[in-house]
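Below is a structure I'd like to ask you about.
To keep things simple, chains are lettered A, B and C as they appear, and every chain counts its residues starting from 1.
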């Protein structure tokens, strides 16, 4: 079936994102904190196959970029020497998971030239490398927080849906309260209570819990609605009437009804939570410089400067879209799995 | 010491009277609200010497937020003061370009030999924007309001010297005598921006204690009167404030036309800096000020697509950005971690090493795109009269920094991490306000610079209030990148920063007694300069303060952003200033060219 | 009737809880009003203390809460520290503006997303994929960036205004001119809000529709030869609508929170800029009042959702 191949491609895309994130040290041409002050806000390095004199080269190459004299952050290629693109190149030393150490990077060019596929940020750091390293935090936060939020949401929704009555009323008012409160304050308060210096893993944990804590209420209300209407379905009623236990009926008949919502919500919440990190790092709750996350990489986009002068800062967005689209595809293929084609 | 004022000669008055009469007739039609009839024949207008312009036109200006109030007695925020600066006038004004005092509502003034008595002669025959006359009674009333204990105006601090108020008395209808409790160096500078209030409007509310509630944003235009070039016309919440020309303004141009030229001055509320730029680019606003370095870069980049824009870089401002180490006494606050780190911060050699390791030129280049000035002490080059130019300005030197640290007993481990004499790794945080893009960037660059020295520094972005709370209340921080702006180019405006008991003595707030000998010395010097009148003597004292500052580095001065602004090319007589209200400083003389665009000034 | 009374009682309890928690959260947040005056070297601590005293900020939080609560019963919503005005004297205009913006955006978003969602669910293949890609793109873009992009385009096209709610000469326009002016200013902010919520709505409508299309009665109808459009709109859509109705409430709540940022960038004089500024300046009463107002909107949104459900679902109507 055509769906299946698409499903395979989507899963492969998602898997490759995770793989790249795990082995970021190898895939990223540079370290995430390496800042080249001679190349701040440098546009993406152009990769050539034809040199000055019109000769074609089998191996792509780049030129070195230098700042134009007297003009800040305007760069020019030095065409006198070519620097061929090399794979499995020896580069900066890294330690992988504190055990393996190595120097090989997937690709790169010999110094003094550098290759910035996504350009550099305002500190002269390679955007692509930061994007690759940033995937670690963002994928963990995005997926885990979405999972936690959906789990709590489903649990609470089920509680309301199955018990009904005052349990339902109290919990639903509680979710409304939850959604209405000025969370910004809570975040400020959390920041105030925490010590100024937090290690990256602690920050990650805080990020995760804050995002999940704030995010569970909406799914909970949605699940409740679906569960309520699922209980009205004939076969569910029938199952209870013939003596199915409450838990049994819920597990076998009601829960599957939430599948579609669960999938849709998952595909929506993951990107939302990844983006939400922008707000949190704005309040000082992110992982903090210089450790990258997609939130902090996308944050400069909220400034007109990036749009007007540094268009390449948009490239990370182009890179995350395939991932989010794959999430969407996987969930939507699972949804329409058993539906006969419509005319 | 007498100061001669640039008043209008009698002959000139006669020559311009005809013009006044004619223009008054026009105002009678255009401004029926002014109930007062004939002008007195005796009206001492101030004549400006800027180029003559055209009357009419509407200038639109964007503000970062709504002003909080239209009451000059209570206004403490920059935005309110910007708006109020064009609605009110002061007795003696600090010229925004030369930063020297010049006559305003005061025609002339005399300062007694000991500097304690200032006698001010007012311009005669002036009127408030509602047509009511202005005289010495209004001046006395205004100072009564500003010095009122119950109202507690922010201006009150400026008008209190050594805890004692300035005595104000009316000599005659147009003469007021101010008696200072002590010799005060800044002298007549204290009158700048102290708006003169209309007694006839506010006397009642002062009596019944409601003055603090008067002139809120929702006040009726007819309730407000001032002596500034414009008067209040309307306020649309969340959107704009519109001011209209004050027909009774007390300045005229060389040809005898009464100022201001503009018939309307509108303030739009545009909270977002990028949105301000977009509004300016689209032509909705006429002036963009204050402008960030990034906006400057964007406009410069699009100079071809928007040829009607004139970009200006006025050079260094009076703002200084600095790295502040927490040297507060935290023994009572249960902050063992901070206390431990203070053994590093408290050592002047540590601070010197930090200062030496910071690449200030990189800050200028990378944070401000070159539109800033590096600082090695807090006085910026903009303050030409007071900067100590003999101080050294060493370039970044990691070797120097390493040497200082080594001499102080610090060492490095195999991975290059810095360890203090006890063997503890040096690691601390730099807190910074997230709302300030440049300062966040400064903090990150400083972090990188100090990383080269083996220090493990973490930048912690905090919401502005949260940062202030830590710096001023809880003292729970290691270091912070902050900025302060001198309100005036005079050392007396910095008393709170330099006195060890000062409330803005950021590195060690409100010391009961000077914690170090050099702070005691600065206390002495600052107090002495405040009661000295002769400039040369004061300059010598203040030079010494700067020298001590550089030797002891209570904080590490980094950089001063330039004052940038953009204006449409068809604006004439824009006289921007490096202090408040920046581009609005000359708005009473600004005008639109009738046709075509003029070159930039 | 009993239902309505219940509903009102719940709302009152909810508002009470929201106000108490908001007050509590505010005391937890670091910093106090007027702290920013500390950075002005020319202002003494005594002045700041006097300013705080003027607004009763030296009082304990419980006392301030009861003061505010008592005032609210008399229609007085407290006062703003930073503006020195009663909140009620300036809160209605921004409320009206925000409602205008969000309601327009909500209606428009639903009008657009229902057909798209159904179309995606019923036509396999390319359309669904393209929509999936577009919604993926929209969810990956932070809203401020979206807003800036649109402003940038608007600046070049010079057709719509670059922000604000009315032109400077608004007062001089005729009635028709005023409406037109307002619509031109509404265009961009509404567009951003619609973009912001479109992915959520389209995907849920699509999912819900797919669920229904799976049902045997649809299949039966189709095999029985009922026309396609009739199957979709008469049989499938009403059934698919049930799980979607809660979103009516959400979309209002969601748009209210998104419009916070959008309003600031687009200079829409609504509750957004006011709320953010009052949060940053710790303007207690303004914050609580705005939170209460938005809670109220949310409750109303949920109520509408429930009424729609009631109206659409004969089973609930009958029971």
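Everything that follows uses one rule, which is that a contact is a pair of C-beta atoms (placed from the backbone, for glycine too) under 8 Å apart; a residue touches a chain by one contact, two chains touch by 3 or more.
Note that the structure is a prediction, hence the values are computed from the model and not measured.
Peer 1: So which has more C-beta pairs touching, A-B or B-C?
Peer 2: Pair with the higher count of C-beta contacts: B-C.
Peer 1: Please flag the chain sitting at the greatest distance from subunit C, going by CA centroids.
Peer 2: In terms of C-alpha centroids, the chain at the greatest distance from subunit C is B.
Peer 1: Approximately how many whole Å separate the CA-defined centres of subunit A and subunit C?
Peer 2: Centre-to-centre distance between subunit A and subunit C: 25 Å.
Peer 1: I'd like to verify one number: the distance from the centre of subunit B to the centre of subunit C, where each centre is the average of its C-alpha atoms, in whole angstrom.
Peer 2: The separation of the two C-alpha centroids amounts to 39 Å.
Peer 1: Mind checking the centre-to-centre distance between subunit A and subunit B? Centres are C-alpha means, answer in whole Å.
Peer 2: Distance between chain centres, rounded to whole Å: 44 Å.
Peer 1: Pull out every residue in subunit B that's touching 2 or more other chains.
Peer 2: Residues 274, 278, 463, 465-466, 469.
Peer 1: Please list all residues of subunit C that touch 2 or more other chains.
Peer 2: Only 29-30, 148, 151-152 qualify.
Peer 1: For subunit A, write out the residues touching at least two other chains, lowest number first.
Peer 2: Subunit A, residues with two or more chain partners: 188, 191-192, 303-304, 308.
Peer 1: Where on subunit A is subunit C touching in the complex?
Peer 2: That would be residues 169, 173, 176-177, 179-182, 184-186, 188-189, 191-192, 218, 221-222, 225-226, 229, 232, 260-261, 263-264, 267-268, 271-272, 275, 278, 298-299, 301-304, 307-308, 317, 320-321, 324-325, 327-329, 332, 335-336, 338-343 of subunit A.
Peer 1: Considering the complex alone, what residue numbers of subunit A touch subunit B?
Peer 2: The contact residues of subunit A facing subunit B are 35, 37, 40, 72-73, 122-123, 188, 191-192, 195-197, 281-284, 286, 288-290, 303-305, 308-309.
Peer 1: Give every residue of subunit C touching subunit B within the complex, in rising order.
Peer 2: 29-32, 35-47, 50-51, 54, 82-85, 89-90, 93-94, 97, 148, 151-152, 155, 158, 161-166, 168, 264-267, 269-270, 273-274, 277, 280-282
Peer 1: Over in the complex, which subunit B residues touch subunit C? Could you list them?
Peer 2: These residues of subunit B touch subunit C: 58, 60, 65-66, 68-69, 71, 74, 76-77, 152-154, 156-158, 212-213, 216-218, 236-240, 266, 268-272, 274-275, 278-279, 281-282, 284, 435, 463-466, 468-470, 472-474, 482, 484, 486-487, 493-497, 502-504, 510.
Peer 1: Within the complex, which stretch of subunit B touches subunit A?
Peer 2: Where subunit B meets subunit A, its residues are 274, 277-278, 294-295, 297-298, 301-302, 337, 362, 365-366, 369-370, 427-429, 431, 434, 437, 441, 444-445, 447-448, 458-463, 465-466, 469, 476-478.
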